[in-house]
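After this come two complexes, each holding subunit A, first together with subunit B and then together with subunit C.
This part shows the complex of A and B:
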């Protein structure tokens, strides 16, 4: 049994903990921005499908509009990469 | 996002966007102005290049001239309304169906009038718009009935049967369906209010539309009655359920001076577009111009509310109403041209 009251915190332990926190933050950055993008794209996507159903000519334009929220998750990915490396 | 059924109602967004796109494809004001200078065959050719093309092509072999326009417009309207009912989801469908029941009343009253005057069923069929709950098959079945009483009997399962049953005797006796029609529409608006208050989500927004519609109808009726120099009690002709009470409307109607009458209306109204329209009406004398001005205000106000609630039943109803007026405009244009009325005069009858 480890006695936590007297146990020493070694440098390796601190480094491992830091790495874990970084990985966790990177996961949060990608995960949360992914969720935000999904919500935004869901709304725009429904409207885009509706508009395309009525007028096929707008497909290219609405496709572009639908992927604009994708930038949110790209920012998240960039933040995650900066955190990790 | 009031008016949504639950959570992220993507199907509402989908349906409302489709309505907005459809609305953007309605005939614009400039085209009406161009059509005012056209002859009837030119108008038919023009309509044939728009969304009415399938109907014009399909009916072109059986009808010609004004009959072709009338039939094509009615067919298109009914088809369009049925299509919209197919694509709107959940609660939107419930409210849209409620709203479209007005066509059932119009169709049934037309059948009753036709039957009473001994009009040939084929001729009555030409004026039918099967856009409500009663579809083509149901209306055809009604047309085969021999007498107005039999028609009423055949409608036993309908919401408006009790009113029909109560009123048909008096209507047959006097030979006028006007009172019965009033009662049917009053019943229709009462049911609409009931549906809106029935606890279905988005009902409060639907109620805003109903109240606006009732108010505008009542104000239009008041102007009509004044123009017709009616002196009697008008309470029976007013639709209850709007922001004006029936007694209040009677009180306003009682004012003899036209300016006083308009001032009394203005004191009660809060909507700025309606206030402006009433001020404009002060200098208008022709009834059709007053009606068009009020209709325009109603459509503008509905559009305004629909922008405040973009994913509710309102974008659907705005489209349905504007489509109705587009058909009415085209019919007025074609009929006017057929009768040789000059374009300048016809312009006053169009809701643009």
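This part shows the complex of A and C:
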């Protein structure tokens, strides 16, 4: 026999679980891209500090180079926002 | 306005007898950018000129002045003069007073360094004496024995010695102190016992009397020397107070003298004449020409030369005054070339708009505006001033967008957002519809499409100025090709999917293979665009995906902004919603502490978000300009226009 009461609860559970999966995917999108940006910025950042120590004039330029990999996490954030809303 | 200042290339030739007059006149006008003469093998008897005779004496005096400034701690770059001093008085002062001041300062500095050496000596003695103060023995008892050996030094713990001896031990000083006196025949045995306990011998100070008294004497001496040094510093400060204005004036005048005297090093000379090439802004050229002819009574030959190579022309910006601070941002990337479009004006307008789109918040905008106006009093550098000006434009834009977004430190203002709302559902303050993220993202994409298209159109204009003949045509077509591909892709997307805020072209009649009119037009545009790009450089085809990535990159205008809103709302929710509000319902002593903590959290959180806002809003807007916009048309790499002559701050002729 089919128990309809149980079926109703299962539907809610499925919806809740879908919502959870969405939130989880959004978290993955931001988290993993954040890690990727961090790894990229690590190398650039240390080189940038070295270059600035040699010549202070390049500070503006290297600051800019350092933020270039931030694009990766921003794409991640955009994907997360699209998932959530 | 959109182009750098027009320049004229002048050639000046005159007899060597006039060289001084001409240099002086050029220096006074401050418009002539000297092109350094580089001797080549076939320069036909031309050689580099020699500095004027007064160069070495001026340089020597300048070194003296700089030494005095250094000793007194005067920095001409930071010095604010109350009034300008006439140059004649400064020269008079250099002749009469300078050597006296120099001698005084030199003597003071010398005696100070002597005192410092003496002080170090006393400090060393005091350090040596310190362990001995723990032992109640006068210093003369430590030495001068024939039959006894004295051990004095640090040790880890007290030891028991079996042979006849006299011993003092103290654990009052760091590392403990032990003194043992034994007969010479037991020396080795005692030494072994001591070394087993980690004994470290100390040199016995060459002094007499009780160690405590001696230590005190040294400390007194150090204090006396400190007072003397302070007195000398006081005297130096008095000299600074009294002569600083004259000294910086001397510095400036002598620097100018040296610069003038060494100018011939940049000229070409023959036996009797000298020749110089240089650049003058178009509107000042006639003026300087007349002035030179007047001061030399016509004993000068000036010719205007053709501009052959635009990479040799020095570049000076020609922007309205409100746009001049932004030149700093363009210089940070590269100075434009002479025949190139100067993007400063566009950056001045678009940069604040991007900043406002990202950090659109009345509260943060007001904080930044107050900060940029307040810091102007403290930060004096030219670059800093420009930066603060740019920041103040950006913060005004931030306030305007804050009104449009209806945001104040993450709270909403008493009206609904006039454009798309960015209010997130944090802390139960949800608005009716939540953030309109999709609409905002599409708005950002539209901005990207238009900005990139503008960049390419400027690229076409630039290509026609930068290149000649066939190359120019090719470059123009390639730029048009990039625009074609981008809009072709857009048309194809629009024909397939209905997207809010963008034209819906899905309903157009289908022509063939399921493609409708817009899709076909799009495909043709892409095809022609690719051909257009490839005819200039086939390798550029590899860059095609950047069309999509560059346009999508503008999504950061929304993404970075939304993260800033999220932080602001989180801070509000934590500080006010979770800590302060519940405590206000029933005030208890612990509740008061919680409220103070909440206020602190609120202030710190918003401070952090303001700092992040400057970084996020500023750097990302700047990056969109440098990476997405400038790469479409801007080459840069022009020489800075540096006119011969310096604006005088402290002296007047």
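Convention: the second predicted complex is superposed on the first by the 76 of 85 C-alpha atoms of A that agree within 3 Å, B and C clash if a C-alpha of one lies under 4 Å from a C-alpha of the other, contacts with A are read in each partner's own complex, and residues count from 1 in each chain.
One rule holds in what follows: contacts are C-beta pairs under 8 Å (C-beta built on N, C-alpha and C of every residue); 3 or more make two chains touch, one makes a residue touch a chain.
On a predicted model such as this, the values are computed, not experimentally measured, just so you know.
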{"item": "Combined model on subunit A: subunit C and subunit B, fit or clash", "value": "fit"}
{"item": "Which of subunit B and subunit C A:55 touches, first, second, both or neither", "value": "first"}
{"item": "Comparison of subunit B and subunit C by subunit A residues contacted", "value": "C"}
{"item": "First (subunit B), second (subunit C), both or neither touched by A:64", "value": "second"}
{"item": "Which superposed partner A:85 touches (first subunit B, second subunit C, both, neither)", "value": "second"}
{"item": "First (subunit B), second (subunit C), both or neither touched by A:47", "value": "first"}
{"item": "Which superposed partner A:39 touches (first subunit B, second subunit C, both, neither)", "value": "first"}
{"item": "First, second, both or neither for A:74, with subunit B first and subunit C second", "value": "second"}
{"item": "Least Cα gap, in Å, left between subunit B and subunit C after the two complexes are fitted on chain A", "value": "8"}
{"item": "Contacts on subunit A seen with subunit B and repeated with subunit C across the two complexes", "value": "none"}
{"item": "Partner subunit C, residues of subunit A touching it in the complex", "value": "60-61, 63-64, 67-68, 70-71, 74-75, 77-78, 81-82, 84-85"}
{"item": "Footprint of subunit A on subunit C - complex, ascending", "value": "332, 434-435, 437-438, 441, 552-553, 555-556, 558-560, 562-563, 619-620, 622-623, 626-627"}
{"item": "In the complex with subunit B, residue positions of subunit A that touch it", "value": "39, 42-43, 45-47, 49-51, 53-55"}
{"item": "Subunit B residues touching subunit A - in the complex, by the definition given at the top", "value": "8, 10-11, 13-18, 21-22, 25"}
